[in-house]
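Encoded as structure tokens, here's the structure I'll be asking about.
Naming follows writing order (A, B, C, D, E and F), and every chain is counted from residue 1.
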């Protein structure tokens, strides 16, 4: 280790060379958790949960739709949080975390939109209506895409970090504004003609399935983000000795396999 | 148990397209994301290994290149 | 302290005057986009009247969006921005001056012609004052938020379009309240609430955006 | 003879690939403009459906218009254009190659996503094929005519906006026939006449625009 | 006054130089030398605070420049590759704005004198767009005549595009500034007739 | 071979020069001299046919260049102030395209050799955007090594931003080209070690 490990126990992991192995060790556990919970959730959703009285079987989309929608919003908040931490404390790792989160957030956003659209066709008769919640979800996707496009378009990593952090924060300030404005806009024009028809008196099994799936997607996010951030750390820290050692180990592993 | 048979299960009460369309796309996207993540890892490691070989052990340039200068033009 | 502010403001206004063509053409763009609609949508008066506030607001937004890249691009290329960042005065000052000059030369003219175009689209006359006020409150927000985006995308390839992608989601609330104000007025609900919200947004943007923009500029030239 | 053509075509496609962001973001712009409309106009499905063909066509036109400045600007600034004009090959050749590459990287993607957006605006499904065909015929005309405008405004201050002003009047007929084709199809009149006219326009533009563009380039760099 | 320790500069994959140290005292004239692409421009941008060093630190009067940016920039004059001219403005307007933007309050007459001194008396009211390469550079350089109170001048290839007499004049101006206790740090590939031979910092020595 | 009579150049309302005549025979090396802003760049643009003279005419092998543009441009290589580099492309791609665009059919290997000869073998696959000033110029100049069959080279300030060794190399290359029966017309404010002293055309003499 080139740098001495300083500081209290938790902050120690803010140093990339400590975080890197930790991430490597944690990720498989989260991935395993995600698989198990997904299986449980699907079992609850498809086997235990009863057919919905009004919607029939279509409602089973809910077991991914709602967790995906929740995750997509939650991930943006986390992203903005790490960006703020990065800007204030000037820790490179935080920027990396927010950049590693973005693609997954965008992915969940697409999933929520897609499943919502597929769900909308049989229930509302159209794949898309300009409802407040749908619209703000679409705008959230644009916020993600803007963040990703901006950080990709900038070559200099330090500039990319900071520029991305700024736009993530600006976006975060705007998320509630967007949400409420869209909501108001829609109710002004539409009245109640379109609203999310909540499954009446959601059965506890349904709720349980949804919650299990939500935790599963949370675990999945952690796993995939940790996996994604690891090569990013290597890339950034490539001039340090510990990355050199890590790469040698990696080369040996590859050589051994070949 | 809700389902009379497998075919009833796959049919999803007539909503097969919507339900399975949702789940298929979701899992396809997740699979794609995982593939991309691991591919990126492999690419990065290979690229960095190549880079290290080119630049020298510590990322600091080996003696020969340092002496030759950045353009390979010897500096007197 | 304020001398930098006024130096930048004076210069940018002078530049706008020298490059009058630019300012006129932003306006012309606004006019043309509005006039395209009848061609695309068909000239049925009722339909046109119904979509008039929306079309006007969308066109104003696009006109603002498309001149945004001008805000810092030239100064970036010719090295002026570098010099401004090396100034011993705080960057927020001259950033604000630049945004103000930008709004005076693009936002204000758009606000000024909007009523004429509204008449072309046969908007009811009662809506005109609200249209103007909503534009007066809304276009500065667009300029302020857009400045942050312009600063972030400075010198990037695909910059202009990337800028559009970044700021459009931020512009949507402004558009909603702006167009909404006019429609609310026409439908008899009254536009006060919308206008108040726009005013609040403007105050917020004024307080925050210059700082964000200054930070973004420093990041972008680093 | 054709080696210059292919060299330029290959390079421009390579550049587009290197700057993928550019191409994607043009598309994103198209998408965003279409999505803005409901915010401005209101989300009432019937109204949206009625203006859908017009909005889509106007958005395609704007997306094309706004990427036009990319066509020669970079090459002009860095001196490549000068070198191309000093080439011993006729300029029409490489001008055509540049316009073709431009259309492949901006027009074609727009045509490709248009049907999806049409669904968002709830356009009736019968209109989709006509929409796509009209865009396939129309966007190359926009690119060809736009290239002449881009060449004329090269390096002028206020270029981008001046360009808009110059070419929009030329684009209007394309818009009318393009959006008209879809509306005619939906209203049951049949779109054949409109599409034929667009095809004729395309043939004419193909035959004339490259020459005009080459001449304009020579004038602009003099 | 100006010192840097152990500077390293990373560009993309390439570590341009590392362990670079420099020291510039009042009256010093430092020429940053080295072949093309060795990192001279990059070094100047680190020293002025326009870019962030990968390692090491730049100090001005003992304080790291990041710590007290404004104080440092009040005493610095940097002229980079790009001459910071707006094409629509005349040389006079450009110069006045450049001074005002930097925070100097200079009246019009002084600007006119400075431009005349650098040989642009006939181009005072042409738009900068039509100037020749050498004339464009001169407009930028005219600021040197108005920046006597700024001790540290950092110049990137100031002699580019200048004709022989202008090179001699500029060299004399720089020598005078050092004579008066100022500091100059510059890069150039051309020889110029300085009053005293400048100290040379060869970036190539620190190249990786 | 190349001759011009009675050339006049008008910029805005200023007549830069008039009555300018020049003549360049095979093997000739002509240096266009004069102070900044006298009209050297403007003259080169007239000679290459990129701009139109106010009066007078340029002839190549006896024919006015406007008359048979393509034949003239087949034998001409012009490198202006701007190095004609696209920032996204690598030096290699830029060079190959420059050759193809000019109508020369050059294979990749020759381009690599030319770039290596000019000192860019380590920069072959960097985007041109990140190159240093001197490296950018070098990419443009690499075309000289691939344009042996074009007799007339017109170069505007080719030595700008180049380091000392590169200046010497370039001067040698130009001398060789003349030796082999080519023609070179260039502007520069710097002295360069040509094998034979170039003929000098002082534009200042014809200035108005």
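Keep in mind that, in the parts below, a contact is a pair of C-beta atoms (placed from the backbone, for glycine too) under 8 Å apart; a residue touches a chain by one contact, two chains touch by 3 or more.
From a predicted model like this one, the values you see are computed outputs, not experimental measurements.
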(message) Let me check something: if the centre of a chain is the mean of its CA atoms, which chain is farthest from subunit D?
(response) E
(request) Could you work out which chain's C-alpha centre is the most distant one from the centre of subunit C? (result) F
(request) Between subunit A and subunit C, tell me the centre distance in angstrom, where each centre is the average of that chain's C-alpha atoms. (result) 33
(request) Averaging only over C-alpha atoms, locate the centres of subunit A and subunit E and give their separation in whole Å. (result) 47
(message) So the centre of each chain is just the mean of its C-alpha atoms; given that, what is the distance between subunit A and subunit D in Å?
(response) 36
(request) Give, as an integer number of Å, the spacing between the C-alpha centres of subunit E and subunit B. (result) 45
(message) Where in subunit A do residues touch at least two different other chains?
(response) 142, 145, 149, 153, 155, 158, 185, 189, 239
(request) Name the residues of subunit D that each touch 2 or more other chains. (result) 19, 21, 25, 28, 32, 39, 42, 157
(request) Would you please write down the residue numbers of subunit F that are in contact with two or more other chains? (result) 81, 87-88, 119, 130, 165
(request) Show which residues of subunit D lie in contact with subunit F when the two form their complex. (result) 3-4, 7-8, 11, 14-15, 18-19, 74-75, 77-80, 82-90, 94, 221-222
(message) Considering only the defined contacts, which subunit A positions touch subunit E in the complex?
(response) 155, 158, 239
(request) Over in the complex, which subunit D residues touch subunit A? Could you list them? (result) 21, 24-25, 28, 32, 35, 38-39, 42-45, 48, 119-120, 122
(message) For a test of understanding, state which residues of subunit E touch subunit F in their complex under the given definition.
(response) 11-12, 34-41, 81, 119, 123, 126, 130-135, 138, 157, 160-167, 189-190
(message) For the complex, give me every residue of subunit A touching subunit B.
(response) 46-47, 49-51, 56-58, 60-61, 64-65, 68, 103-104, 107, 110-111, 114-115, 118-119, 121-122, 220, 224, 227-228, 230-232, 234-235, 238-239, 241, 243-244, 247, 250-251, 254
